[in-house]
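Sharing a structure here in structure tokens format.
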Amino acid sequence: MATLHTVNKTGQPLELCLRALNAGDSVLLLEEGVYALYEAGDVLSELLRHVAVHVLDADVLARGMTNRDNLDIDMIDYQGFVELTETNDKVVSWF
Amino acid sequence: MATLHTVNKTGQPLELCLRALNAGDSVLLLEEGVYALYEAGDVLSELLRHVAVHVLDADVLARGMTNRDNLDIDMIDYQGFVELTETNDKVVSWF
Amino acid sequence: MKYALAVYGAAGTGGQSSQTALSFARALLASGHEIIRVFFYQDGVHNASGLISPPQDEQNLPEQWQNLVKEHNIDAVVCIAAALRRGVVNAEEAQRYELPGSNLREGYELSGLGQLLEATVEADRFVTFGD
Amino acid sequence: MKYALAVYGAAGTGGQSSQTALSFARALLASGHEIIRVFFYQDGVHNASGLISPPQDEQNLPEQWQNLVKEHNIDAVVCIAAALRRGVVNAEEAQRYELPGSNLREGYELSGLGQLLEATVEADRFVTFGD
Amino acid sequence: MSQSICIISTQAPYRGQFAKEALDAALVSASYEIPTSLLLMGDGVYQVLEGQSPDQLGRKNIASMFQSLELYGIETVYIDGESLGERGIAPEQLLPLYTLLEGDAVASFLAQQDKVLSF
Amino acid sequence: MSQSICIISTQAPYRGQFAKEALDAALVSASYEIPTSLLLMGDGVYQVLEGQSPDQLGRKNIASMFQSLELYGIETVYIDGESLGERGIAPEQLLPLYTLLEGDAVASFLAQQDKVLSF
């Protein structure tokens, strides 16, 4: 039962998501959750070793965060978001 | 120019308030800001040495936080809130 | 003293600011202070909607606000830009924007941000109730 | 696959969830998936208000939602309890609660939380768009 | 319809209607005879602090609403232990109807659920 | 009416209308010839990150709205340095129209203001 976790803010939503992850899960950062690229670099690097982390391109571009793509996080569009919901068995939203 | 700072949440509002305080200012914790009694005990103890900290009774009672009154923070009602706005020169709201 | 208040939140949704502001306003008046204006901004504009029906076992904050405004003849201004994007309109705006109806309670005026700044400067104390 | 969506936020206020959910819904349909229900909850009920006029230089999300609902014949349910406390009502509820008007857009049904749970269970995938 | 539903509630008790809506959803779910669990995380743990008196806020007591869960066959509320610890809350300050999930137990619990609703 | 007004903006750029409303308030205030300053703190500092492209969100570019401030005589935007540091943002990633307030400077700056509006 792999799970897609969506995270739309840093702070509590991101922290709670981190403790709910199982091996094989995926994380999608969207809306203000993309600020994790700025605020949680260390956490993300650690995270990337265990689960797949994606960011939604529209939200990254909107906020001018492109200069942080050195973190090598997979940037996807809404089509990619849909595919993540197909390949995972369920979706949990953290907000 | 003494200032009354109202804080209605822990997290960013409380953190920003802390760095905006001058000697002689007052802080009023209200709404979800009263959870600072649980989450920021050390910060509050430190704070109490420099500025006057108050909590709004209606919000403390609503949330069942009465067992934390060992922190010796002044509990006031709305009348007391009004008085704080009289004795300070201005009000800054952190939310 | 002269007070001006800004209310940013709707009743019973999001934060608690509508309720807090109302209690504070009552305490102000009980202390003999004057409220020169209440400015309803952001989701606070919903407090002026006439279509809200809270559950019977909860207080009706929009009604209580309206009663306070009437009783004390308070200058209650609803930010027009915030109200239009949230669907709170009077008959005049409904006509201008060709909307199928209007819902602003009596006693409230739709107006611009200038009313907030003016009140801020004219008041001895300005208090924001953020949501 | 069969999807059910829950939308918790209003358009252009608070968070961004209304816009995100709309983009996701369009991408779902473009991929050939079926949306068995969209449940508008919390501040999401404002998306069904017919009195909203966003600024002309911004997109009109309530209108875009309504177009999507019509075009694809989507079962669009607005939580009745959440709607009543936020002032979003149809003619029937307006009469029941003696309100001076109604504002629910065409194409939306006011109903209870059972519709959310039913859709959650019946769908292959359930996605919440929190605000 | 033997799918299991978990309702996660992460907001403080009088923050909008989040806490009440999560409880409503749990009750409706259980009344449809769906296997239902309720999990409190983050600020959601404040919902079950004893001694709440929200009369002055004109709100109903959230803690007391938890008592109706049992009538619908929801006999325990799951609580993230780490969220308690972060807030310095001792288990004896809570309503006595919970099951603590410590460490990885939250993640494994969620992995077993078919659908998750968040509030 | 020589009172000074400071507008504090603490929310990220596309979170509701907070950022835009703070800018609107600053412009109206300045147009009334009130001495006006704008202070970004917390997530508010994200408002002036260069390179924002919010077209796909159907929103106007917040960063570009800052350019109208100068027309109304608001020649600098005050930024809390600590908020930048916490987010690992370098000053050169920002629009070039700010004054950094470091350490106690934020508190002393606020002490000088007659009225403060928060967004």
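A few points about this structure:
For clarity, chains are labelled A, B, C, D, E and F in written order, and residue numbers in each chain start from 1.
In this text, contacts are C-beta pairs under 8 Å (C-beta built on N, C-alpha and C of every residue); 3 or more make two chains touch, one makes a residue touch a chain.
Values in this document were obtained by computation on a predicted structure and should not be read as measured data.
Interface comparison, C-E versus B-F: the pair with the greater number of contacting C-beta pairs is B-F. Relative orientation of chain C and chain D, expressed as the C-alpha superposition rotation angle, is 180° to the nearest 5. Inter-chain centre distance (chain C to chain F, centres taken as mean C-alpha positions): 26 Å. The distance from the centre of chain E to the centre of chain F, each centre being the mean of the chain's C-alpha atoms, comes to 39 Å.
Centres computed as Cα averages put chain D at a distance of 34 Å from chain F.
Each of the following residues of chain F touches two or more other chains: 14-17, 43, 56-57, 59, 115, 118. In chain C, the residues touching two or more other chains are 12-16, 23, 42, 81, 85, 126, 128, 130.
Counting partners per residue, chain B has 12, 32, 58-59, 90-91, 93-95 as the residues that reach two or more other chains. Remark: chain B residues 32, 35, 38-39, 41, 57-59, 61-67 touch chain E in the complex. Of all the residues in chain A, the ones that touch chain E in their complex are 1, 3, 12-13, 15-16, 19-22, 90-95. Contact residues of chain F toward chain B in the complex are 8, 10, 41-43, 80, 82-83, 106-108, 110-116, 118. Residues 1, 3, 8, 15-17, 20, 23-24, 26-28, 30-31, 33, 125-131 of chain D touch chain A in their complex. Residue ranges of chain D in contact with chain C, taken from their complex: 10-14, 42-43, 46, 49-55, 81, 84-89, 93-94, 97, 99-103.
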